[in-house]
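Chain naming follows the written order as A, B, C, D and E, and within any one chain the residues start at number 1.
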Amino acid sequence: MLGKGLLQGLAVTAKNLVGSYHDPARYVTQEYPEVQPKLPEAYRNFPFLVSETADDPMGTLRCVACQICEKECPPQCIYIEKSKDKKPDATGKAQIYPAVFAIDTAVCMSCQICVEVCPFDAIKMDQEFAIAATDRFGGLLLNREQLAKPNAYYHQIHPTEAAEVDERLAAERRAAEEKARLAAAAKAAAPKPAVPAAAAAAAPGAARPAPAGSTAPAASAPVDPVPPPAPRPPSP
Amino acid sequence: MTLLLAILALVCLVPAVAAVLVRNLIHSALLFVLAWLGLAAFYLAVGAEFIAFAHALVYVGGVSMVVLFAVLLTRPGRESALPAPSAQRALGGLVAVSLVASMLGSSIFWTRLPSVEPTPPVPLRRLGELLAGPYLVALLLVGLILTVALIGGLLLAAPRRPSEGGDA
Amino acid sequence: MILAAAAPASPADAWLERAPLLLRDALTGWLPDALRPWVAALLSIATILGVFGLLFAYMTLAERKILGRIQNRPGPNRTGPFGLLQPFADAIKALTKEDIVPRAADQVLHFLAPVVLVALSLIGLAVIPFGRNLVAVELEASVLYFFAAGAATELSIFMAGWASRNKYSLLAAMRALAQLISYEVPLLLSMVPVVVVAGSLSTTGIVAAQGGWAAGVWPHWHALTPWGFSAFGVFMVAALAESNRSPFDLPEAESELIAGHLTEYSGFKYALFFMAEYLGMAALSAMGVTLFLGGWQAPLAVLEFIPSYVWFGMKLLLLLLGFIWIRATFPRLRIDQLTRLSWKFLVPLALVNLVNGGLWAVTSDWTGAAGVARWVVSALLVVVPFVVLGRSLTAGYGPRTYRYASP
Amino acid sequence: MSPLHLCLALSAALFCTGLVAVLVRGNAILVLLGVELMLNAANLNFIAFWRFGPGGGEAGLVFVLFSIAVAAAEAAVGMALVIAVHRHLRTIRVAAANRLKG
Amino acid sequence: MMLPDPAATGLARVRKIEGAALGLRTPAFAPEEGAGDLLEVSLGPHHPSTHGVFRMDVVLDGERIVRLKPVFGYLHRNHEKLGEGTSYLGSMPYTDRLDYLNSMTNNWAYALAVEKLAGIPVTERAEYVRVILAELSRLLNHTCLAGFLMQDCGCSGTPLMYAFREREKILDLFESLSGSRMMCNFQRFGGCRVDPSAEWLAATRTLVDGYGAFLDEFEALLSGNEIVMARTQGVGRLPAALAVNAGVTGPMLRASGVGHDLRKVDGYGVYPRFNFRVPIGRDGDVYDRYMVRMLEMRESISILDQALRGLPGGPILDPKAKQRGLRPKAGEAYGRIEGPKGEIGFFLVSDGTGNPTRYRVRAPSFVNLTILEDLCLGHSVADAVIILGSIDIVLGEVDR
């Protein structure tokens, strides 16, 4: 009979009207600035560069400016210039570092391919999403200093993944140490010192980095409070 | 009383004259609506309450809609301005109208009209009794005319092939 | 002026019941006799404007809140506690917005349309009895006045649509006219049996005719008789259409015509249209309450201690809630379906109802078994046409069964 | 001027206005509207004589009601005719509709 | 009934030869005498119901459509040309942006094409995960579509909000798995990027179990509603022959009564292992298109149920499968799957370098849209809006 479907529809909306007062499944709004979204661990937005420590981010960047991400980035939003010199990294080993590392977040499409192709676990996806700039071009072009964030921050936003990465890096380091120790033992036996094995291992793309050194300072779980992400400099 | 009536007469007459003179058909129709509203107010002032409301209901609510609909259907989306009437036609018309006007005016103003007290308004119930009593046959006839007009209007306005294309 | 008795004999004498009138008398009492009716009239106008202005403001809020709740979201809740200041924020926004008039538009009509619409939506309220003895203008043919006043509302929608010189607006104007022509008829026809049964064309007379209770519990409201129920349904559907509310919001038709006749309106003029929509809705609902739901009459004798205007307000709000609920639920009709619904369903139903109401009026003195028969006949005269007409209306439509492809 | 004179004058003026619309403007819709205006003028006379005349004008009131109803019917049929003519001749100038068979 | 593959019978080519004879209503629009009565309206590109920046040039007689010209390209991004300059892996995130409601199925179709081209095997677990994600995509897409369609019909947002409430749950799943709600970039050659955790699978199970109840409520609100039926039944009829000849695929084709579903026809992935049915309509009108999608969702729920129960262990991604620097041998491949909107396919030609020399997308929205004028002629503007809504287009895919 005419009207049955209409009444059925009215019943559904009435159920939802009443349900919105007692049933959380029928009242799904989260009021954003007061209620912050619970981001899943996998959530990604724009990339950042991992540095081992918070107090000297530029000195302890994991990035060795191998430029794989620059090459693989589909929208080509990464720009890297290699350094002419070498500086000691977190483990004290001399490394090429990115003299310029810039990501144009206006172009970046958050696809995470740079993270996937990075052999050094040096670039990871950030979860900071409330980003705004008054300057359309300069304000969204992030440079090395703005991109660098400590490993502790990485642990904070992607705990599982970061723990895996640290574990892997530590394992690789242990393996490298073992190798170095064996090499050293061999060297002790042999008359002439060889090039440190670790340096050879750090060649881009060849293998996972295995920086030689006795300890990995930030490899363990973070102990100090994580500094907030670096404030964005005012746009010119 | 006379002053009020005179003002209302102007409210009624000015839009009516304007309606006949403007070029734009839509403006013309809307001015007619204004004139009809003025006329309804005039009826109200004269004391014919029921007639006033019926007049407003039929003319403003019904006739004006039909007129506007016809205007839109016959000139959709176009400037609804009309060409000015030819001078010859205008002249002829105006001569005829001024003759009628002078005839009417003279007959009104040179006739001595009886001046009696205004009749008190008729109660609505009395009107109903009149309609249902002595004028019942007329009422039914009017109803018949309306029905016939409705059907006739439908038949006239209906497209020749009503179900051409689509099943709307 | 009668002094309030210690124990009021009838509810009409209760202090609360007479409070508005007492207030009016107190305000106008010191004036010379010649001025008093004028000031009283102005007071009624101010009261209606104030009450219905506020009602409009909070109707918009309530609509958004209820719509929100139905859609599992909170609705506006940022401006003031529970968003209660939202209407005022909206008003300030509308007032300060730039008023844009297209260069090609018919400037005069473009300006006049919203003004005329608001004015026409308001004047109908003059004859609604909001409570016992609370009516601004007492007219012998007030029902007719109300519909005459309301008849021109679509005219201003047409004006808005045509004057905007926008193709969407023009389509909206045509739709508005078709809609008006179609729904004025059932609106008026559904009102006629009420007039026949109540034997009065005045709103106060119709409300008075609905006073009293059968067996003390069953009010003599027209909506509670079979013919009245049917007429009430037809009236409310036509009222929905007359006030351009979903599912009959064809002139506006957001998903088809952008905003229809409102496409070229902004700022305060847009707000005026908005206001007129709600005022028209409130006026038609008030008329519905008056004609069918007993006006200000209490539903039960024991509840008469609650003042009559409160009852009226509650019924009005109930109907308005229904408008919102319907809007939240239904999609829009198409223009041909809209007119078909009117001419092939509502009008025949209302015509049958006319006979039904006439029979009811003729048989008003039947009691006992004859009384029961009267109810049965009346109910049959509602149900049978409804089923038959409904079936013909929905012919060709219906739920379908589906097959599955054989693998 | 007595109210009756005023009413009659208004009525005459309206009648003449309607006549202008009918005679001067060649547009069928305006012609119909002019006829409506002339009917209104007649109605006004009925009312005027009922109210200000020598009594017994109740019949006039009833007649006005009938006249309004008939005017509505006239408008409906008239507009239907206009639409039909327009569909046929693509114009609504009265002068163009001068053939019996289109 | 199941028609054979149109490409195999040559039916697809017939349209070029003899369109009119097959029922294609070629627009017989000639401005006849008194054409001033016709009103030309440009619906879009900024119109609430064109689902993006799409334009319909409509010629109206009253409100009846005499001619309709779809105009698109406002969102053209050079997708196919970009694909020729990007590495095989680099094109994957771009496919997210085609039909941005269903990045999972876009990814899959592209991955399938590359896997065919380079001969990469897919792990068992990944096949199941792909099915799960594709069916979740289908739920998401069809739910949204129903909501949008009802919005086009003039609902004041209620069905749309209910649809979005459920869509949100699926998007949450996608986000917690892939890191992004819509631009998932999830499939990889030879498998998937991330292995779903047990918690994720449990959450999916909860969603799947509750989805039927949502559909029941949604259908109670709409499917039996007299206004919905009056608005949609008999509107925009697409005859089966015309549908086949126009290359229409997906639910739109099935609503016209052709039981053509690539999940059955191609049996790609592990679909042959699942037990599901293919609902088909009879009239091919808007209501059928709506209902076929509703019924498909019920089947999707059953597939999801089976896939979740049968999900095998093992690696999600073949560790030997190369992602970066993939250089397939010279050759060509066409990978197609049954996307929620129809057959989504990627045609790749390799010359042995790191980029395809030819990269072409068969976008179902685009192909289905070509039939728009035939569906709309003779209907009113209000119908055109819902017909467009029932075709289910995403301009990202139409314009590419």
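In the analysis below, a residue touches a chain if its C-beta (ideal position, glycine included) is under 8 Å from a C-beta of that chain, and two chains touch if they have at least 3 such contacts.
Keep in mind the model is a prediction, meaning the values are calculated, not measured.
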If a chain touches chain A and chain E alike, it appears here: C
Chain whose average C-alpha position is farthest from chain C's own: A
Pair of chains with maximal C-beta contact number: B-D
Identity of the chain that, by mean CA position, is farthest from chain B: A
Where chain D and chain E are represented by their mean Cα positions, the distance between them in whole Å: 62
Where chain C and chain D are represented by their mean Cα positions, the distance between them in whole Å: 34
Whole-Å separation of chain centres (CA-atom averages), chain C against chain E: 45
For chain A, residues contacting two or more additional chains: 2-3, 6, 9, 12-13, 16, 28
Multi-chain contact sites of chain D, meaning residues that touch two or more partners: none
Residue numbers of chain B (touch at least two other chains): 54, 62, 66, 69, 76-77, 168
Residue ranges of chain E in contact with chain A within the complex: 86-87, 89-94, 96-97, 158, 162, 165, 168, 172, 175-180, 183, 185, 193-194, 217, 220-229, 323-324
Of chain A, residues touching chain E in the complex: 2-6, 8-9, 11-13, 15-16, 28, 40-44, 68, 72-74, 109-113, 116-117, 125
Contact set on chain C toward chain E in their complex: 67, 70-73, 167-168, 170-171, 174, 246-247, 249, 253-258, 327-337, 394, 396-400, 402-407
Residues of chain D that touch chain B when the two form their complex: 1-10, 12-21, 23-27, 29-30, 32-34, 36-37, 40, 43-44, 47-48, 50-55, 57-59, 61-62, 64-66, 68-77, 79-84, 86-87, 92
Residue ranges of chain B touching chain C (in the complex, touch as defined): 26-27, 30, 33, 37, 40, 49-50, 53-54, 56-57, 60-62, 64-66, 68-69, 72, 76-77, 123-124, 168
